[in-house]
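One structure is given here, and the rest of the page talks about it.
For reference, chains read A, B and C in written order, and residue numbers begin at 1 within each chain.
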Amino acid sequence: MTSPLSNTDLNVRVTVTERNVDLAFSVPVGQTLALVGPNGAGKTTTLLALAGWLMPDTGYAQLADTVFFDCPDAQTRPKTWMAARYRSIGYLSQNHHLFPHLSVLENIMYGMDRAGITGRKSRKTKAEKWLSRVGLAGYGRRKPAQLSGGQAQRVAIARVLASGPRLVLLDEPLAALDVDAAPALRQLLADVLQDHTVVLVTHHHDDVEALADQVHHID
Amino acid sequence: MRRRFVATLILAALALGGCSSSTDSAGGQEGSLTVLAAASLQQAFDDIAAGFTAKHPGMSVDFNYAGSSTLVQNLDAGAPADVFASADEANMDTAQDAGLIDEPTRDVFAANTLVGIVPLDNPANIATLEDANAAGVNLVVCAPQVPCGALSQSIAEAAGSTLNPVSEEQQVSDVLGKVRSGQADAGLVYATDAALAPDEVSTFELEGADDQHNSYPIARTANAEDPEAAAAFIDYVQSHAGQAILEDHGFVVPQER
Amino acid sequence: MMTTKRVAAQSRRRPNLAAGIPGVAVAMALVAAAFFGIPFIALLVDITWSELPELLTSRSALDALWLSLRTAVAATLICIALGIPLALVLARTEFPGRTLTRSIVLVPLVIPPVVAGIILTEAFGRRGLLGEQLSAFGLDISFTTAAVVMAQTFVSLPFMVTSLESHLGSSGQHYERTAQSLGASKWRTFTTITLPLLRPGLISGTVLTFARALGEFGATITFAGSLQGTTRTMPLEIYLARETDPDAAVALSLVLILVAVAVIAVAYFRPATNQS
């Protein structure tokens, strides 16, 4: 267990033996790190561990003074394991997972409690602002089933960011979009993620170009 | 004593069965017989069938035991049967009115009386019908729509009391079952049913039960496939041997003709 | 000439062509439909319609109908309250003995209802495992309306659980995970995400449960007994009516069938819409 490089960075270390995963990296706060490597190298595994949905054999993740998990040893219980719902970590994959029974606006409003926005009226206003920000003003009343793939992913981005996360995880966010829709969304991501701490998993060189401040190669 | 006598009779019949120089004209018959009989006759008729087939080695008997009214409905719907034995006259009347039986062959062959039963330890301390009808006692009887239940009603009326059951079962065996398991504090069943579980229930007499009974008639069906065999069976039921078996099981048998 | 043809082509609607079903399957489906349909038709033909009002408004018939409705509704509500948590636990958690638990929960589906009544008596009857303790406190369940509800709940719960479980199994947990990633507590996730998404499974489960509870016979008569107004539900009343008044039995059967059909129709009613 080495001491963290800086206590305002995101420091991550993860091993999962049965999946042959063993990686470690750091990201300064406010910057975007791209995780690049072949399939099966453990990129998604790492993101899932950070999000709180997978317990690694050994690992450590910490951002500023918050320790998300500390698993020194595969045989014993973790020293620390923060439940996913407390981590304030946003997660977006290629599936938008918009709640099908809620409207676009309600989807975006869902996580706002955590961002400290209370009161239905202020939440609604904020959500409308986000909707405009992602270029979908006026779409608030629609249901996810009525959106195209690209539109749904925009709403998903708004939803994640509207909840005020301290860390954003992106797992190939543009992979399910058609070639025409991707560039616009890439540009949108670059815009809205500017001041966020982001870990991005991607295969596309274009994504790295547009979004990443640093790149970590996994072999 | 009776049982041993009947058993000896059956064994003797079996032993002699091989060389059938029987005086019975129906000896040497072959075939199978279908008998529809009220559920309360099951144990007695199974024994009677054993005696009957011992006497007529070529014959076999198939039984269909059910509630009397169900049997009448089955006959009406065309169920194949040679003999019908009912738990009361009312159901046999229904069958007769519908032309389902051969009227001249109809005769009463046994009667059943009711008796009160309680679980072996008698937790509610029941000794009379009045006790059984008291509030707070879990009394289970047959529903008035079935022969056993009609009889319960008449006995209660004759004794000047009103039945106060917590459940009206459709089959006497269910009444017996609930008392045996201790779910019920008391029940009214046929004497023949009480005799089935002497180690699990105690009995108490019902006032005036001796004067009230269900007469069990038997008759050949109108569409009997084997009318001679049917007649032979009915004869056997009413013979010494048959009547002895019925009495053994707790039925009341008619006086000698 | 060309112009006319084009106009004609535009005005003709273009329905989607389905892949179709082989003729043999259609024939078999007709046979199946006949198998179901003929008994109902026979029932309708057999009824003496003029006698119907009299038969159906007798005291015993009305008592039975009212008893059936309120016990079936109570049993269904209990099945919803118990079935949702049970289905969730069975579908979404891992614990030793899960397969065994699921098997036990489904047992009432395969045993004869009378057997269900027998084991309920073993547990809750006067001398039953729990029943004896309850009796000591003066709580006697047998022969009460509560016993009817218990019997109905026991045989209907598996329908609710299987309906929900199959629904839960196919949808996975991504929505729940998403909700929690957005900061929702377990309870909030359950009420705002899991439950609403469960609605289709819940509706079909409720219909099946209610129908099964309404038609319950064997367990009721064995565990709860049969007394007008207290425990004699419609099926028991029909069974009893057969003894002396087969016409009444047929009329009551019709009522039971109509109630069941009404419930199913209401639950599954989907107005024809033009939605894609």
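Criterion: a residue touches a chain if its C-beta (ideal position, glycine included) is under 8 Å from a C-beta of that chain, and two chains touch if they have at least 3 such contacts.
Because the structure is a prediction, the values reported are computed rather than measured.
Undergrad: Which chains lie in contact with each of chain A and chain C?
TA: The common neighbours do not exist; no chain touches both.
Undergrad: If you average all the Cα positions, which chain's own average lands nearest?
TA: C
Undergrad: Among the chains here, which has the CA centroid at the largest distance from chain C's centroid?
TA: Relative to chain C, the chain whose C-alpha centre sits farthest away is A.
Undergrad: Between chain A and chain C, what's the gap in Å when you average each chain's C-alpha atoms?
TA: Taking the mean C-alpha position of each chain, the two centres sit 43 Å apart.
Undergrad: Hey, how far is the Cα centre of chain B from the one of chain C, in Å?
TA: It comes to 40 Å between the two C-alpha centres.
Undergrad: Quick one: report the Å distance separating chain A from chain B, using the average Cα coordinate of each chain.
TA: Here chain A and chain B have centroids separated by 80 Å.
Undergrad: Can you name the residues of chain A that touch chain C in the complex?
TA: Going through chain A, the ones touching chain C are 51-53, 83-85, 87-91, 95, 97, 99-101, 110-111, 113-114, 159-160, 163.
Undergrad: Can you list the residues on chain C that touch chain A in the complex?
TA: 174-175, 177-186, 192-193, 196-197
Undergrad: With touch defined as at the start, can you tell me which chain C residues reach chain B in the complex?
TA: Going by the criterion above, the answer is residues 121, 125-127, 140, 142-143, 221-222, 224-228, 230-232, 239-244, 246.
Undergrad: Chain C touches which residues of chain B in the complex?
TA: Touch residues, chain B against chain C: 67, 69-70, 73, 138, 140, 143, 145-146, 165-170, 174, 178, 181-183.
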